[in-house]
Structures are given as C-alpha cells and as structure tokens.
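You will see two complexes here that share chain A, one where it goes with chain B and one where it goes with chain C.
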Partner chain A sequence: MITFDTRLLAALTVLAVVVMIVSKVRISDVKVLFWFSFVFMILNTFLIFVFSPEHGVTVYGTRHEICHLVWKVYLVKEQLFYLLNIVLKYTSTIPVVILFVSTTDPSEFASSLNRIGVSYKIAYSVSLALRYIPDIQREYHDISIAQQARGLEMASRKQSFLKRLKNAASMLFPLIISSMNRIEVIANAMELRGFGKDKKRTWYSARPFRAADIFSVVVCVLMLAASIVLGIINGGRYFNPFV
Partner chain B sequence: MQEREPIIQFKDFGFKYKSQSEPTLYDINLTICKGEKVLICGPSGCGKTTIAHCINGLIPSSYPGEATGELTIAGSSFRDLDIFKLSKTVGTVLQDSDAQFIGMTVGEDIAFALENDRIPLDQMRERVAEVSMKTGVYSFLRHAPHQLSGGLKQRVSLAGVLVDDVDVLLFDEPLANLDPATGKTTIEMIDELYRTTGKTVIIIEHRLEDVLHRDIDRIVLMGEGRIIADMDSASLLSSDLLKKNGIREPLYITALKYAGVNINEDIRPQRIDTLDLSDEDIAKVQNWYHSVPEKPQPAEAPVILDAKGITFSYGGSAIKALDAVDLTIHKGEMMSIVGKNGAGKSTLSKVICGFERQQKGTIFLSGEDLASMSIKERADHIGYVMQNPNQMISKPMIRDEVALGLVLEGKLSKKEIDRKVDSVLKVCGLYPFRNWPVSALSYGQKKRVTIASILSMDPEIIILDEPTAGQDYRHYTDIMEFLRSLNEMGITIILITHDMHLMIEYCTRAVVLSDSRKIADTSCEEVLTDSEVVEEANLKETSLSVLAGMCGIFDAQDFIRRFITADREARK
Partner chain C sequence: MKKSPVILVVAIGIGAALFFVLGRFVAIPTPIPNTNFSLQYALLGFMAGLFGPIAGLLIAFIGHALIDFSYGWGIWWSWVIASAVAGFIMGLASKKLALSEEPFDGKKIIIFNLFQIVAHLVAWGVVAPVFDILIYAEPANKVFTQGLVAGASNIVTTAVVGTLLCFGYTKARPAEGSLKKED
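Presenting the complex of A and B:
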C-alpha cells in the first residue's frame, strides 16, 4: 500500500471499520492494541509537524497560509491536509492489522503460508512467534512487577528519558534469558517428534480453499488495482486538491 | 526370571559435552530389556538427564560432545542413529509439559509427529482419534492444551508420543511441577499404560517415594556421572545408598530406621502398602514413638499481617480468583499456603504485595492499612521472591543485583550500601562469590541471590513462591535450612508450595486454598490427616500416617510431629 490518495484512504477506513464490526471481535480484547497504536499515531503526527511544519508545501507544491504560530512556524493548509492523510493512513490500516492478529489461527496461517510455497520451517517459526505473544506479555508483566517492587519506576515523570530507557532495558534482560530457555525447550520438543526430517510435511489444521477465500482475493486485487490506477490519474502518490 | 531381549545397552560408555572440560558420564554399563520398567534416579548433576539425552538422541543433535564406548538401541549402534530415527523407537515425555506443547489445540499437538511423517489428513485424524481415546483426552481435542488441568496435560503429552507407536517410553522428571495428587495419578497412569501395552518404560526422577507408589522392576542410582547401584527397589531401600547419595528415602523408611527396625527384603519395604512388619517391629516403632519428646508448642506471637475478606477476579472476569479469603500471619512464623494449581495461592500473594488490587476486603500490616501504599512502599515491608530466579535477576553481576534496590532508593551513600550488601551476602553464604557474574551460578545459588536482593531491603515478611521446585534433596535442604535461619533471625516467612514434605518439615501452620476459597487453616499435621481437605485440595496423605495406623498409633498427627522433631535432631 503506497497510496496517499485521500479518497481511497477514507473509503478503506470505512471498510476497515465495517469489517471490524462484522468480525465480532470484542473491543475489550483488543483495547490495549488500539490505545497503543492511537498514541503512536498522535506522536507520529505531532513529530512530523514539529520537525517539518511545511512538509505539505513540498508535497503539494502550493502554500496557503492560515496564521502565524510562533517563531518561524506558520499554520499552512497543505500541512494540515498532509497530516490528515497520515491519520487516515493509520485509521485504514490499524483495524485491519489488529483484526489479522486477533482472528488468525497461527496454525492455519502457517499451513497456508506453506501451501503458497513458503518453507514450512519459516511458516512454523511465524506461527510460534504469533503464539508466544500472549505468553511473553504475561511474563513481561510479572517481571516488571517484580522490578517495580524493588523500586524501579517505569512510567514516572520524575525521571529523565535516558533513565527510563535504562530501566526498561533492565527488564528486558530477564525477559530475554527466560525466552532463550523457552526456545531451547520447544526446539527440543519439536525435534524429538521429528520436526525437520523431511523437506515437506502435512498439516493437521490444513483448510481447503473455499468460495469466500476466492472472493477475498478478488477484493484485495481490486483494491490494489484501484491504488495503482489512482496513482496514474493523480500523477503521483498524493491526491492534490490545491491545483 | 525369563531371559529378555535387551533394547538399550550401554557398554563402557562415557560422554563429555563440547562446552565442558570434564566428562559428565563415566564407565556406564547398563542394559535395559524389552518390557522392563526402570527408574533412573540421582541428585542434580549426576548425569541422569545426560543418559536420557543419549537415549532419545538430543545428544548429539542439540547438545554435541564426545562419546566413548558403545551404546546400542534396538539393535543399532548410536553412531548409526540420529534423533529422527530414534524418535520411532523412543518416545520422550519432557518435564514441564506446558513448555513442550507445540500445537494450538490438543488435536494438533497429538498430530505433530504424524505431520512430520507426512501422513495425509484423513489418516491423521483417524490416528489422533484412536490415541486420544486410549489416553482419555478425546473430548478435549479442540481445547488449547494450556487450559487443561495438570493431569490432562500429562495425558496429552503422552498421547503425542504414543501416536508414533514407539517401543520405549522415556519420562524425564514427569513429577516436576505437579501437585501431589496429580503426581500420584500420573504414576498410576504410567503404570496402567505399562501393564496394558507392555512397552519398555524408563522414568528419570529424584522424587523416589512418589515414583514407588507403583511397582518398579529396577532402580538405577547414579552419582557424579557413574552408576552406583542397579538393583530392585526392595534391596536398594534396604541399603543406605540412597541417603549417602543425596536421595530422600521414603518417609516411612526413615521412620522405621529411627525406630531401629531392620529393613531388609523380607519386610517388602518397596511400598508402604506391601510393608510386612512383625509384632516385634511394631513394638519397636511404638517404643520409639513414645521416646521422642513432644515438641513444645510455640507461644502465640502478635499478628503482623491481617487480611480480611479478600475477593479478587482478574480483569473484570466473573470468575473469582479469590473469594472472601481471610489470612492472619503472626510475627516470626514460618507458614505455608498450599492447594492445587490455580487454586489462588499465587494470586493471594500478589494481592498482598499490591501487584493486583482486591475488589473487596482489607489488608492490615502491623495495624496499618495497606490500601494507600504503592507496590514499592509495600515491598519495603513485604518481599516477594518469584519461583523462577531468572525472571527476577536483572543485573549481570551478583553485587549489583543485590545492591539494586538500595541504589534505586538512593537514601544511603555508596559506602553504606557496600557495607549493607556485604553483610547480606554473608548471611546468604554468597560473600565468596560477590564479584562473580550471576550466569556462573547454579540454580540454587541464583535463588539465594534473589533472596539476598530482597533481604537487602530489610523486609519484615518474605513470601516465596515454590522456593524448591525442581530441586534435588540436597539443594532442597540447603535452601530450606537457609530460610529457616532467616526465620530464626526474626523474619516472617510465607511459603507457597505443593511440596508436602516441605510443609510438614518446615512450617508450623498451613492455609489450604481450593477453588478460590480457604478450606483449612491449621497445623500441617492436621491438614494432612484430614482426608476431606486432602482430597479437595489435591494434596496427598503422607506415608507416615499410614505407618502410624499400621503400628496401632491412633494419634497420627502426634506421630508426624514427633517424627519431624526426631528427624531434625538426627540431621543436625
């Protein structure tokens, strides 16, 4: 997805929200992920504005000033429009990514990856990685609590950014050590049951290709085509309302 | 006994890991025949796990090294075998079933070996159904293995190995992390499988009394990389080899020895229910029982921690993890919280430490309400030691790790911190290692480091979650005696455990949780002799109370109490 066409992004955002509702994923299950991406989005937009307040002008080639803010910084229409595109880019992708993570059965995903030609060892690594996310989250929680009990403050505003970074790193140390142990155990368990002896394997969770699958593939191809066509019409990645 | 065909044969076998300078195994001569049931036991580091790895092929596949001598498995030399070929002969059930589940569902996990053999889907389904019916997990095929109870998890791992129709079943510490009742049913399940299929069964375990709950053909005792004894269980129990090599004897055997009963094969000592005591032996036990002085009851100390009506559920869930639990802790006591996995033991300690906040109920520490205190403020009074030391240690050097809490607090000068850390390291017996990296320490030493790092904060209470899990008898004794010495210095100690030995040996009182509620709060002897509590909380009656019954001693609680007193004296 390379497009920054505002109309397409807006349409995709609507689609993403609709799909999210249809999927019946409980909001409470994915709340944390949503918050995390939301904060990240705000931070990203804000930083773009701070570091390059007139980036929109370079993108769209015109300059419509609204007012003067401070020092050399002006509020410019093109910049606001550009930032709107950034936000739309987030809103059109985040729900879909969250949906993918929360509805995909890692095993089915691995077997499907393998079917389209990805080596099963890689497919299985992906599946294991997805599977261990909740375990590692739980472990991180335990570790961070134990460290807090010893006076390590994670989210305190009293500390400098560097200090906080250092504190976070000291939590990663135990997390990495215990993850390494976990990897050793699972690798042994897999090898003991014959993982990796042949070039191919079969899948217990293999699913046949259905009409719904063909339908989704077609929809995806159409969306990709739309973004390419719009790119040609706009003569670039951006839709420009200023000319 | 009829001649049997050997299936595993070690001849003058030795092994050295690539990463180590000294061999781990020396002069191993061991023959295991088809259809035998063998226990390999020994303290940590004796080489029993290395033997297991040689049998299942993890050596050299995952752990390379140099082997000398010969090892033949099912007719082929180990030099011609690899882990994949061996997996068709030897099925391994690893300890810690949680970490070894590969599939997302029970069905997928059982099918894993079949997938790797490229069995088509329809045949795979058939085979999984067949094996899961045999092991009794058919109705759970769509469940996630992690959600099952400890006993069912064991059955699932077993099914995953049985789909391959192996000749040899190798159990690597099957009892680690299981509560006492589940451990008992696991041993029964292995035995039933052994009887119905006639497969060769090898169990690696140091919890001897628990394994001997069902008959074993032979016990191979190891120590420092060598085989020390290879004999039937009756002869081994009649000798003094176990004690000498750091393996705990069954408690009833120890009690009989204290009473001066001569243990030999004739009294069939291998299991408490086969034990055949003469009238003379019974008289000896009775005399001994009366000769042990009664332990004086400790005077009631003032209350230090008082929790009332604690109710808690995780993340707004409707299921209560704690349901109106009361807990009173007296100053200077050493007590335990016991119960089956998931009963709420860990949750209760997390609520006390402020890691989780209760929805209802109050906690007072020396009369002060904890509600307004942060995690850190509570931690100044109540230290929490996690089960896995690797999860707690965040500094590479021992000294820095122990000093961490004080440095973060920033109240003391560098000199004062150094002095304090030195004194804590001395108390913990870590002073000689003070400048070592943590990674050079053994598991038990790491445990001490985590305790030391808590001690440096001068807590009045320390809560320890399964302090001795997975430790052999020597390390267990080390850790527990150390905790007792801390307790004698006046620190109140709360132990979360499902080790019944630990509970009766070191604690004066036990609080039993079951399904989020408190079901008992009394002396340890009383808990273990109350069959209702024992059953509901997945505990296990000790063999001592059975022995008391056999010898006509009615007050089993008093018998246990006096045994512990005598045992403490004898071990000093």
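Presenting the complex of A and C:
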C-alpha cells in the first residue's frame, strides 16, 4: 500500500492483468466499473499536475527540464516519472478490486471477515448493509417518484441551493422514518433468535481454508516483503532513476 | 431508546446501507459545477446523534468503503478514515442531544451544529489530507484544497439537512411522558 517503487508497481500491474484473464470474468460485465475508475484516475492525475507541476522535483531531488509549457509551468522529467508512478499504482490495484467485487459473495464475505478476527457483530453489520442496499435503493426510488408526483422538484438548477437542500430533506425524511422502523423490526427478529447472546457464532456460508487459500496468502506475504525490502534498498518509498 | 447491542448492530448495518445509497445514487448539484452535496453526511450526523460515536464511526467506515468499492478504484483509505472520524466526533454529541427522548430545540440545534462543524473540520481539514500525504504521497496543496472544499460543502449539507432531519424525527416520535393515565 505504501510503496511507490516503479518496478514493483509495474510487476503488480502485469500480475493484476494476468489474474483478471485467469478469472474469466467477462469484460462486458465490469466495463462500467473500469470506465469509472479510469475517469477517476485521469482526473486525479490531472489535478496533481495542476496543483503541483513540480512535485516530482521535491520527491526525487533533481530537475531535468524538458520544455516550457505556459506561464511558470515547465514540463519536467521527474514530474512525468512521478505521475507514471501514480498511474501505475492505479493500474495495479483497479483490476484486483474489480475482481474482488465481482467474485465475492456478500454473505461469504461477512463470514470471512469474522474468521480473520473482526468481531462477528461488526461482520454481521457489514452483511446486513450489503443485504439491505437493494431494498433501500428501491425505497428511495419509490419515495422520489411519489414526492415528484406531489410537485417536489429535486435537482433543478433553477432553484436556490438552500431550497434544493430543503427539498432533499423532505425526500430523506420518509426514508429515515421507514428505516428506523426497519431497524426495530430486524433487531426484534434477531433478538428473538438470540443474536448476540454468545461470544461466537457459526456461519451458514463459512468456507474451509484450502490449499489455494494458503497459496494466495503466501503470495500476499511475499509481495508485502518485496515492498518492504525495496523500501529499504531505495531508502524511501520511491525508486529513483535520476541519481 | 434502549441501547441493546442488537439494535446497535442493526443500526450500523442499515445506516451503512443508507449511507451507501445516498452517497452513490443521489446527486444534488451545488453552485460549483461538477460537485454534488454529499447528503450521506447529513444522514451520518443524524444517525450518529441518535446511536452514538461507535455507530457513527462504523456507519461511515463501512458505508464509505462500500461506495469506494462500488466505483472500482479501490478503497481510498485516507477519506474512508476521515469519514469514520467525522462519524465518531458527531456521535459524541448523542448523550447531550438525547434525540429519542427530548425535543430538538434551540440549544440542541447549536450543540448538534457545533459538533458537526468540529467533526468536518477535523476530518477533512486534517485527517484526510494528512493520510493522503502519508499513504498516497500526493502534493500537500492539492490535498488540503480538496479537503477544505469537501469539508465546507459537508458542513453546509449537515447544517441544513441534518438539522431538519433531527427536528423532523423528534417531532414524529411521541415525546416521553406524553401519555397520561386517566383518573
């Protein structure tokens, strides 16, 4: 997470792409996600350049000018290299995250959280959240249509922004009240079944630890070790080709 | 409200789901182009005020992490942590607010807003940019500008929508001791 070693990030990017291919996730299923993260990546990199066009110089300690752009802004080799690192950081993580999202079963996720040591109450909260997102989304949609039918304007640019916020509150209010009722109903149901009585609980969707799991844990530990070792060799988070 | 641990678990779960839905699918444009009010922080202020700091922390943490996940860019830890800190600080007001028992009047409105302003200032003015620099090694002036813009817009959203939510909720609930035994 901390490392900015270019070589390691490049290797991880290759690995991420390979894993993506191996997983046989259809690209058409995750295209939208890729698109979102791509836009975010471009925007963030662009913002870094605008706010601090010579940040790379402070990172690497040298300055190789390429050409003059506008006003006081110069194109500097160090900056380009620094931005390359930022982009590589994204390309090495985005495919993995998308894979995780598209291959993980929510209830298995909760039981796995519990197994790695998160308290089962928190794990259960996570699984409740995942379970109720579609319901709440549908409810929000219903409320929004109902309120619009009653003449409430939602996101019109013609209104003053205070008015817009007030309208948002009158959309939110029914949602909150119904969610409060929902909380009570679910909590009662769970209490009736004795939730929270014992220190531990079992999970219907728990999975045994298999050889493949141990293999992936080992790979993760190796990657972490690599980033630490490289950090020591580089004397910092960055790999510096300029010295 | 009785503070059963089961209620807390469910409130965190549903709260995180609400946080996610508002943060992911609901866009209220601000006067600044391409930025939206984050209604989820008004909700967070209300939920944290009702259920306390732990609930606030976890609702924001889980909700924000899920939002980041759903966009596919991975969890942007610095901002997730900042959200959690904001939720925690806003939750500290819960004892004084006693939303489920007492009406939400002048003094309470001030307390609520005081806590939310401090919470957002700490979260977006300090926590988010500092972690941005530590984890993602981004330039300082960029992250502080981003943090301040987000903080200011969240303060406004929470002040208007959050206050209205608290007010409406306490109005809708029958006040404690409003029932009298007939003689």
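The rule is short, and it goes like this: the second predicted complex is superposed on the first by the 172 of 243 C-alpha atoms of A that agree within 3 Å, B and C clash if a C-alpha of one lies under 4 Å from a C-alpha of the other, contacts with A are read in each partner's own complex, and residues count from 1 in each chain.
Please note the rule applied: contacts are C-beta pairs under 8 Å (C-beta built on N, C-alpha and C of every residue); 3 or more make two chains touch, one makes a residue touch a chain.
Treat the numbers as computed from the prediction; the structure is a model and nothing was measured.
By the touch definition at the top of the document, which applies to A:Val101: first (chain B), second (chain C), both, or neither?
Only chain C is touched by A:Val101; chain B is not.
Quick one: classify A:Val30 as touching chain B (first), chain C (second), both or neither.
A:Val30 contacts chain C only, not chain B.
Tell me which partner A:Gly151 touches in the superposition: chain B (first), chain C (second), both or neither.
Only chain B; A:Gly151 stays clear of chain C.
Please indicate which partner A:Leu165 is in contact with in the superposed arrangement: first for chain B, second for chain C, both, or neither.
In the superposition, A:Leu165 touches chain C alone.
Quick one: classify A:Arg7 as touching chain B (first), chain C (second), both or neither.
Neither: A:Arg7 stays clear of chain B and chain C.
Could you say whether A:Arg182 touches chain B, chain C, both of them, or neither, answering first, second, both or neither?
In the superposition, A:Arg182 contacts both chain B and chain C.
Figure out whether A:Met41 sits in contact with chain B (first) or chain C (second), or with both, or with neither.
So A:Met41 only meets chain C here.
Between chain C and chain B, which one touches more residues of chain A when both complexes sit on the common chain A?
Of the two chains, more chain A residues are contacted by C.
Should A:Lys200 be classified as contacting the first partner (chain B), the second (chain C), both, or neither?
Only chain B is touched by A:Lys200; chain C is not.
Looking at the overlay, what does A:Asp142 touch: chain B (first), chain C (second), both, or neither?
first
Overlap of the chain B and chain C footprints on chain A, residue-wise?
Chain A residues touching both partners: 131, 173, 177, 182, 184, 186-187, 190-191, 195-196.
Using the touch definition up top, name the residues of chain C that touch chain A in the complex.
Those in contact with chain A are residues 4-14, 16-18, 20-22, 25-31, 37, 39, 42-43, 46, 58, 62-63, 66, 69-75, 77, 135-142, 145-146, 156-157, 160-161, 164-165, 168-169, 172.
So in the complex, the part of chain A that touches chain C is made up of which residues?
1-2, 4, 30, 33-34, 36-37, 40-41, 47-48, 50-52, 55, 59, 89-90, 93-94, 96-98, 100-101, 121-122, 124-133, 135-137, 140, 154-155, 157, 161-162, 164-166, 168-169, 172-173, 175-177, 179-180, 182-184, 186-187, 190-191, 195-196, 237-238
Looking at the complex, which residues from chain B come into contact with chain A?
So the residues of chain B touching chain A come out as 56-58, 61-62, 83-84, 87, 92, 94, 96, 99-105, 107-108, 111-121, 124-125, 128, 160-161, 164, 350, 353, 355, 375-376, 378-379, 383-384, 386, 388, 390-396, 404-405, 408-409, 453-454, 457.
Going by the contact rule at the top, pick out the chain A residues touching chain B in the complex.
On the chain A side, the touching residues are 105-107, 131, 139, 142-143, 145-153, 170-171, 173-174, 177-178, 181-182, 184-198, 200-206.
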